[in-house]
Structures are given as C-alpha cells and as structure tokens.
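Before anything else, here's the structure in question.
Labels run A, B, C and D following the written order; every chain starts at residue 1.
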Amino acid sequence: MPSGPWFILFLPLVSAALIACGLHRNWKLSAAVSIAAVWAGFFITVMYVPDALSAGEGVLFHESFRWAGAGDIEFRYGALIDGLSLMMLLVVTGVGGLIHIYALGYMKGDPGISRFFAFLSLFIFSMLGIVFADNLFQIFIHWELVGVSSFLLIGYYYRKPSANDAANKAFLTNRVGDFGFMIGILMAFYALGTADFAGMAAAMTPEFLAQDIFQVGGANGWAMSGETFLWVTGGLLLMGVMGKSAQFPLHVWLPDAMEGPTPVSALIHAATMVAAGVFLLCRLFFLYMPSETAMSIIAHMGAFTAFFAATIATTQFDIKRILAFSTLSQLGYMVMAVGLGGTDAAMFHLTTHAFFKACLFLGAGAVIHAVHTNDIREMGGLRKVMPITFWTFFISTLALCGFPGLSGFWSKDGILHLTAHPPAYADTFLITVLPTVTAVLTSYYMFRLIFMTWFGEARYHGKPHEAPPSMWSPLVVLTGLATLTGWSFFFNAETMEAFRSITRPAGAPEPHYVHFDMPTILHALEIFTLGAGAAWVAFHKKWIDPEKIKTALGPIHRLFDNRWYVDDVYTWIVDNIQQNFARLCNLFDQLVIIKTLVNGSAWTTRASGALAARYQSGSVRAYVLLFLAGVAAMLALNL
Amino acid sequence: MSFSEEPLLYIGVNLAKIIIVTHVVLVVCAYAVLAERKVSAWMQDRVGPNRVGYFGLLQPIADALKFFFKEDIVPGHVNKALFVLAPAIALMPSLIVLAVIPIAPPVVVMGHTVPMVIADLDIGILFLFAISSLAVYGVVLAGWASNSKYPLLGGVRASAQMISYELMLGLSVVGIFMATGTLRLMDIVNLQVDGVWNCFYHPIAFIIFVIAAFAETNRLPFDLPEAETELVAGYHTEYGSMKFAMFFIGEYAAMFGFSALVAVLFLGGWDIPFMSSETFASLGNWGAVVGFISFMTKVLAFMFLYIWVRWTIPRFRYDQLMNLGWKVLLPIALVNVIITGLFNLPKGS
Amino acid sequence: MELPFFFLFGGAMVLFTLLTMFVKNPVHSAIFMILSFASTAGLFVLLDAYLMAAIEVLVYAGAIMVLFLFVIMLINLRSDELEGMKVNPLMVLAAGTFFALLHRAISDLGAAVDPVRANTFEGEPKVVAKYLFTEMVIPFEAVSLLLLAAILGTVVLARRTRDA
Amino acid sequence: MIQLEHYLYLSGLVFTLGLCGVMMRRNVILVLMGVEIMLNAANLALIAFNKYMLPIDGIVEPKGQVFVFFTIAVAAAEVAVALVIAVALFRRLDTVNVDDVANLRW
C-alpha cells in the first residue's frame, strides 16, 4: 500500500492517463478529474504542515525504490519530503489548483479543453517529480518531463505558427541548458559515487575536497582539484537552472512562451516551472556552499538578470510580456539570494512571488479575455468595467513592488537586506546597487502597466465585462494570500521565522529576519514612491511626454526596447557562425561520409561482387571443387 | 543359450528354426493358393480343383512342377539384371519378416530353453517395418525393368500405394507401443497371454492395421497395381514360369506374414483364451505344441479372411484408395494415437 | 570376433558405394545405394546402435530411395542420355588430397582416443528415446517444423502452374 | 579388435567416394545420391564416436545417435525438396544434366 505522498505524485499522472484514454470525450469530466487530482494532492500536503513546523529542517517522509540498475549502478525513484519540498509542494499544488479552476473559466468553449487539462495534469506530475526527487537522476527525468509538458502547453494553439515557434524556442533553449545539466550530473555522479542528495552531501567531506578529483594520465598528469571540481560541476548544473529558470543568457524563451494560454503562463512561467531552478539551487546548496567561485557566479548572474529584465520590461507594450520580464527579474532576485547564501529568503520570495505573480497573470488573462488584445495601448479605463479584477491586480502589484505590509515587502526586503550586507566575494556595484535600482524599476514598469491598463481614457474596442466567477474567485484567493501572509507576519514574526527556517538547508548561514521598523518601511516606501511616482508623472498625469524621454535616452532606450539585442545576437550567431559551421559539416558529410564512406563502400561491394560473380560459373562441379578447397584449407589449418 | 557359450549348438538350433519356418511358410503358401481356389469355387457355387489327389490336395505340387518346367522367357527389351532380380526381391522381405515373429512358447531341448522365434530382437517391430518397407522394391523394379507400359504403371501405382499405407500401418501400431512400452514382439505376446488381447484394447488400431495390411499385400480390394481389367496383370505382366511363381509365392508369403503379425500384435499370438503363461509352462513342451496350433489357427483364419474379402468386395478406384488412406485412415490413426496417449498418461508419469 | 563382420559390412559398403557412384544406369545406382545403406545398417548394429540401424533401413532404404527410384522412373532416363561422367585429373587430385587430410586428422585423433573405452548400451531404443524427448526436445520439434516446411515446399514446387 | 579408426577410415573413404560422385557425375540425381552418401558416411562416423568417445565421466548419452536421427530427418526433407526441384527442372528444361543447367548464375 503506497503511502500518502505517492498519491500526491501519481494522482495527476493517473488523471492525465485517464483523460488520454477516453475521458477526453467529456470535457467536464476531464476537467473535474484533473482538478480533483491536484486538489487531493494539496490537501494531503497540508496535512504535513504542522509536522513540518514542529520538526524544522528534518526529513518528514522518505521512501524510494529501485527503478533500474546496471551492475553496481543503481537508479532509484524516491519521494522525499522535507521543509524545502513541502514549501514547494504547497506552491505547486495550491497555486496550481487555483489555476486549474481559473482555467475552467478561461478555456471554456475551447475545442481542445480536455487535451489542455490532460497536459496540465501531466505538467503537475512532472513538476511534483522534481520536488519529490531524492536523487539527481530522478530530477533529470522530471526536468525533461517538465520540458516536454511545457512544450506541449506553450504550443497548445498548435495552429498558430507563432505558438509553435515559441514552443520550439523554449524547448531548444532548454536543451542547451540541459546539456550542461546532464554533464554536471554525470560528473557529480562519477566523482561522488552517488546521485542521492543525502549520499552526495555525506560524500563531500573536507578530506574529499582536499584531494584531486579527476586524475588523467597518471600521477604527473592533469588533475582537477576539489575546489575546481565544485565550481565546474556546480556551474554545469547551473546551466540547467539557467534554462529552466530563464536566467541570462538563456532567458530568451520565456517572453515568447507567453504565446501559450494565460493559465499556462501563470502556472508554468510564473509560479512553478521557472521556480524549479531556484528550488534545485536550494536542494544542491550543499554543493555550492563550499565554493566561493560558484556562489559568486550564481549571485552575479542573478543580479544581472534581475536588472536586465527590469530594464526591458519598461519598454514593452504587451501586457503578458511585461509580466514575463517582471518574472525574469524576480527570478533573478531569487537566484541572487541563493548566491548570497540566503536560500530561505529565495524560497520565501519564490512562494510570495508565486501568489502575486500568478494573480497578476490571471488578472492579465481576464483582461485579455475581456478586450481580446494583449497590447496595453489598446486598454485603459478598465478600472470601472472590471472592478474585482482591478482591485486584485492592483493589490498584487503593490505586493510585487514591496509595498510595506504586503507579502512582497517581507520577502523582497529579506533579499535586499542580504545585498546590503554582502559576502566578501560579491561585487559592490552589481550586488548592492543594481538590486535597489531594479526595485525602483519594478515599481516604475508595474505602475506604467497599471496606469495604462486601468486608468485614463478608454482605448479599448467592444464591450468588456467582468470575468466569470470561476475566473475571478482564484484572483481573490491569491490576492488574499498575498495580503494575508504579509499581515500575519506583521502580527506574528515568529510564524515567518518558522516558515523560513524550515526551508533552510543544513549549513546555510543564519538568516536575517525582517523587522517591521521605521527605517525599513521608509526605505521600502522610498523605492516604491520613486518608481511609482515616475510612472504616475509620465503615464497618468502626462506631465512628461514618454516620447520625449525616449528621444532623450536615445541609444539606451533602443537597447532596452530591443531587449539588449540578445535575440539579435543569437540570430546573428545562428545565421553566420552556426550556419557556416553547418555548411562546413555538410561539406564534410557530403565529401567524406557520403562520397567516400557510403558510396565508397557501396562501390567496393559492387566491384568486389562483380569480381566474385566471375566465379559463379553456374557449374555445380566448380562449386564443389571450390567448396572442397575451402574444407581442405580449414582441415589443413587445424592440423 | 548364447552364441558365446555354445556357438555350434546356437548356430545349429537357429539354422533348424530358419529351415522349419521357411518350409512351413512355403507349404502354407502353396496350400493357400489351393485354398483360394477352393474357397472361391465354394463361394461361386463351383467345385474347384479336384482332379489331383483327394479334393485336389496334390494340386500345389502339380502347379509347382508346371512352373518349373515351363520355358523361362526373358523378353528382349527388358533390363535383364533387374528383371531377373525383381521376383527375388519381392519374395525376400516377406520371408525375412518371419524371423522376428514368435510362433509358440519356448521349448526345452536338452536342458536348454529355446525361444520359438528365430531372432528375438529388442527392436523387433521396427525391424519388421524396416524390412517390409523394402518389399516395395520388388514390385517397382519389376515394373520398371519390364520396360513396357502396363508394368511401369503398375510399379508406380504400387510404390505410391505401399508408401502411403505403410504410414497407417506404423501409426496404428504406435498405440500398442505406448501401452506396452516395448518393441519386442515376444514381450507383446507375453503381455497378452497374461492379459487381454490388444484387439480389445486398441480396436481402432486393429481395424486400421487390417485395412492397411490388405493394401500392403496388394490384395483386393486394393489390388490396383495388378488390376487385370486395367493393367493386364500390372507389374508382372511380362513374367512367366518360375519368376512369376516367385511373385505369386511372395504375395502369399506376405499374406502369411501380415496374418502372423495381426495374430501376434492384436490376437494374442499363441494365446488361448483363459490360459495363462503358467498353464502353458505346466504343459511343458506340449504347451509349445498347443500354442503353435493356436497361433496357426489364428493365422490361417486371418488368411481365410483375406480370401473371403477378395471374393466379396469389389475393387477400389485409385483416387478412392488414396483418399481413404490420407484423408480418412491417417487422421483416424493420429487421433487414435492421441487418445491412447491420454489413456496411458498415468503409466508414463 | 567382430572384426570379420566389420570387414564384411565395411567392404560391402565401400563396394556398393563405389558401384553406386560409377555405374551407368541410374536405377542400378539406386539399387546399389540401397545395398550400401543396408551395409551401413549392419555396421550400426556392430556399433550397438540398433534403433539407428532400423531407422537407417526404414527411412533411407525404405523411403528416401523409393523417392529416388520414383523420380528416376518418372523422368524415365535412358542410359544413353546420361552418358559417362566428367573426370579430370584435378578432381582426382582434389579427392586424393581430401582423403590424405582426413587420414592425418584421423591418425591424430586415433592417438588421442583410448581404445578401451568402447562401451555398450543397454535397453537401447529407450535410452535414445528418453534422451531425444528430454534433452533434445527442442531440436526434435525444430526438425518436425523443418519436415513440415519441406512438405509445403515440395507441394508448391511440384504443383503444375497453369501457364507452365 | 575393431577400433574407432577403423570406422573413421571407412567413413572417410565412403565420404570421399560420395564426393567423387558429386564432382564427376553429370546427372543431377546422381549428384544428389552422392550427397546422401556423404551424409551417410558422416552418420557412421557419428555413431562410431558415440560408442568410442562417450561416455564422459561414466554417463552414457546417445548424443551421436540422436545426431544421426536428426541427420536422417534433415536428409529426408532435403531429398524431398531436391528431387522435386529435379523434376521441375526436367519438366521445364527437359534435362537433368548439371552442365546444361548453368543459367542459374547471376
């Protein structure tokens, strides 16, 4: 009899299978099964929360079975629940469940709705597998499964060429990251002798790190020191994180992935899948922590991504893309937090971010649903038409901007505090200045979005109306979560401490807990007012013409507007370098492989056949003689 | 008594057995011809041969003398060597087969127990089939060597017919092997003496065996190779005098052989109902005499059946013969083997 | 004691084989071949392989050779048609070389075999049958399939097609 | 005393004779007969091996005899097919001379 946690993992898979095997004829049944599967998982998860709060960092549940093996190598498949994975479980099943319900309203009437729910269930299963995994191989399997289900969901509107392109882009970009990820896994497995997290952590003794890990060419040959091994392996594993969590420079797929249905954007590209990278960093924290090089790579990459994405978000007009770049930026924050040693801060921000960003995406989806466009220049004044959506959207925005008292304030301030007291390896400008600038930019672009969408004169077409209850109720719940978590911490700081401490892996530095004191509040308000005020001036009161700023900023604006030319660089690389390299390869293939090897062997066969055919006289007698000669030769050789 | 202990006695006894058996068979064959004529006459309400001796009892001797003194014609167009050899080949297997047939309980001569069989082989029945499978050559070679139309047709017919029915013959006996677990004819007889005759245990096999025996000996209703209305006289059309007589004797010897085989395999050999092997043993050498008489009674009765059938049942057409063999008897024989196997399952395990 | 029988049967076998291969008339060849097989069966008896002796006669002499004869008759070859054989020195040389090599192989082997180890089998057919139906049951079944395939192939090949 | 070598020489001799037949005869049926002779010679060798080289470690296994059994079965199948090919050949080309049937080559 499997125990509870296995149900969390496999119910969505069963649901996907059921829908695929026949339930798809009835979309209501399909949706019901899918929703029931994810909510059942949520309720089972919730039962573990009290245990987790009392047990702290300990392991709550661990079971694994032998899945495959070859010789001494054994691949196991396990379910591991500790504070970290419990947190992630709550996010995935809870937010996922709400998004399932939202999708019921959003996708209503779509001919492929059953397929959509099957994909959703498959995705939930894949994602939960990562969360549950107790070893790297299992993580890799589910990493790929997540990639596949993400591909399916982004390309859900498969008749739309742009959706197909986006799906392909997401998949290919992830492949680049997964390539490094796989090499990293193999290296870690080879060096440590196990892919099991506990085993890996136990194997990484100081003695082990002091010796040379890879010996090539004897005692005088090349070797890799423990320190080098750590950051090389960690860096390769980080490539996987870069792919899934869309960190610079593998971020390019995420904005395009907005081609998928909005619930998908909310679920995958805001709350869960992109968070998998951050989750993995926390899981493997024991691997990164001893190496300052690895930690500094992570921290600087995260900081840069956060800033980089925020600058791009200021110039976009597609409502979902703005949110997508905002997501990139926030993920940058989380990765940076891990790099600075604050895994609990990262996980905390991940959780709160899942609440309000999912809410924002779903709100955006409701708006798109109402006005049938993504462009914020064709919106405006929607505040009066869709009041519920507006208020939830607005509060979530405040939370994202870190308005004091809301959940984002606590989590983001936890990260900013880390940047204020950086470790020795941190670059002063990148770590201390940029995150603060990014926070200001966050407020700016979010309020630009707010003012252009909800305030001002109506620029929309048709008659938009408020979303149906199945769509707005998840918004309300998510807003409530985003708000209430914040205020509950205000009244009871120990809750937050308990909440954060359970996600802290062993060996992580002691965290700094945010206090609701005047300097912190003022600092936060300062940042908020700066950004939001600029937006207010430019986009609400129109005291400054945005066009003038554009011309004034000139090349910088063009840089932002063209997303720092990253996509163009990639295009250029593909068009010139990769294409030429492919031509070279093709030339090699044509000349050496096909002309010489393939055709050559065919020619040799034919020629030798023609030669041998001369001995096919058709005379039995000659055959017998030849045969006899062969037998005689064999006999003579053996005597 | 074995060869290694007393070689001379062994050779002498076996030579005696061979001579006795051969002569008995030849005499029986000769008189079987007479019997055939008498019986056919009786059936057709005629008198039959009655000039030579009482009731024509010396008629076979007169026939033999006639054959000996006729001119031995060898037609010019034949393949001489094979033409001469073929009658001998036809006669030989029928006689060799008799070597493994037990004719009576063992007798005691000068303190030695002598089994009343020429060669008591482990693989008696296989030997028997092996030899009888050679019988076809006599007919085939005669047909071919004659180098003329009807004999060749007769020879080809004969070979197809005999090969086909040999299969049925073998398959029908498989059931008996399965039940008895031995290939030694002496053992099979002994088991029947103390038990029940095989024709009651294996009725289907018995019927198939009898039908196949008719076909193997080229007797009516299966005498297609020599059907006189179609092929003049079939494979022996070109033969005369003593060579013809050898075919003739060969046919009757084969009848005798198959009759003996039926008696041994299905009718209990020398057994008399309600007599056990102890009873035979208590009679001493008289037991052997009684057994021999019993055995010969069965053989002669079966030969009478041959004759009876010949003058009663019309000839089959060739396609009917083949259909009967391959489409009726072969499936029945196979099913019979399976059924016998099922009945004998506990014995095997 | 057995030696005379060996030379009797062995000599007959060689003689009849020789005649089989080198007489003009194919029917005579077939007859001599039957005799050769019969001699082989005699040798099998000397080697205590009674069952195989019976099968040799039953299958080879009784069935296979009948087929040969049948086909020879069907084709109705005349002696003059298959005149002679083609002998060239190369073939004789090849055969000689082959036998010489065999001789070397046999003499090498003979030195390695202990002549005393010759043994006799008891209850012969049962032993063979038991081995055949236990250890060798899969090859046995495979052979039955082979025979089935041969039957089908023969029927297909022998069937006269309408256009032919 | 008969020894293994007796049988092996006999078998080799008969095999060589069969080989000569296969090489020298022109009639396809005679060629087939030569093949059968060779098979039979091999059978003899197998049976002789069975008697003289087994048992191994005191266990008597009629391996050689069973081999011969299979050889005979295979030979029966082979002969049936080969002869029907000969008949078909005769029907089509009106010859059974192997030298006239050289058009099966490429």
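Here is the rule we go by: a contact is a pair of C-beta atoms (placed from the backbone, for glycine too) under 8 Å apart; a residue touches a chain by one contact, two chains touch by 3 or more.
Note that this is a predicted model, so its numbers are computed, not measured.
Trainee: Check every other chain and keep only those touching both subunit A and subunit D; list them.
Mentor: Touching subunit A and subunit D alike, sorted by label: C.
Trainee: Applying the document's contact definition, name the chain pair with more C-beta pairs in contact, C-D or A-C.
Mentor: Most contacts of the two pairs: C-D.
Trainee: Please tell me the distance, in whole Å, between the geometric centres of subunit C and subunit D computed from their C-alpha atoms.
Mentor: Centre-to-centre distance between subunit C and subunit D: 5 Å.
Trainee: Measuring centre to centre with CA averages, how many angstrom lie between subunit A and subunit C?
Mentor: 77
Trainee: Nearest whole angstrom, what separates the Cα centre of subunit B from the Cα centre of subunit C?
Mentor: About 28 Å separates the centre of subunit B from that of subunit C.
Trainee: Quick one: subunit B and subunit D, Cα centre-to-centre, how many Å?
Mentor: 33
Trainee: Tell me, which residues of subunit C touch at least two other chains?
Mentor: In subunit C, the residues touching two or more other chains are 51, 55, 63, 74, 86, 91, 94, 98, 102, 124.
Trainee: Which positions in subunit D touch two or more other chains at once?
Mentor: Residues 19, 23-24, 99 of subunit D touch two or more partner chains.
Trainee: What parts of subunit B, by residue number, touch at least two of the other chains?
Mentor: In subunit B, nothing touches at least two other chains.
Trainee: Chains as vertices, touching pairs as edges: which of line, ring, star, complete or other describes this one?
Mentor: Contact pattern: none of line, ring, star or complete.
Trainee: Pull out all the chain pairs that touch, please.
Mentor: Every pair of chains meeting the touch criterion: A-C, A-D, B-C, C-D.
Trainee: Please name which positions on subunit B make contact with subunit C in the complex.
Mentor: 79, 81-82, 85, 121-123, 126-127, 129-131, 133-134, 136-137, 140-141, 143-145, 152, 155-156, 159-160, 163, 166, 183
Trainee: Spell out the residues on subunit A that touch subunit D in their complex, using ranges where they run on.
Mentor: Residues in contact with subunit D: 613, 616-621, 624-625, 628.
Trainee: Which bits of subunit C are touching subunit B when the two form their complex?
Mentor: Of all residues in subunit C, those touching subunit B are 25, 27-28, 31, 34, 50-51, 54-55, 57-58, 61-63, 66, 69-70, 73-74, 123-125.
Trainee: Under the stated contact criterion, what part of subunit C meets subunit A in this complex?
Mentor: Subunit C reaches subunit A through residues 86, 90-91, 94, 97-98, 101-102, 104-105, 108.
Trainee: Mind listing the subunit C positions that touch subunit D in their complex?
Mentor: Interface residues on subunit C, with respect to subunit D: 2-3, 6, 10, 13-14, 17-18, 20-22, 26, 29-30, 33, 36-37, 40, 43-44, 46-49, 51-52, 55-56, 59-60, 63-64, 67-68, 71-72, 74-75, 77, 82, 84-87, 91-92, 94-95, 98-99, 102-103, 106-107, 109-110, 113, 115, 117-119, 121, 124, 127-128, 131-132, 135-136, 139-140, 143, 146-147, 149-151, 153-154, 157-158, 160, 164.
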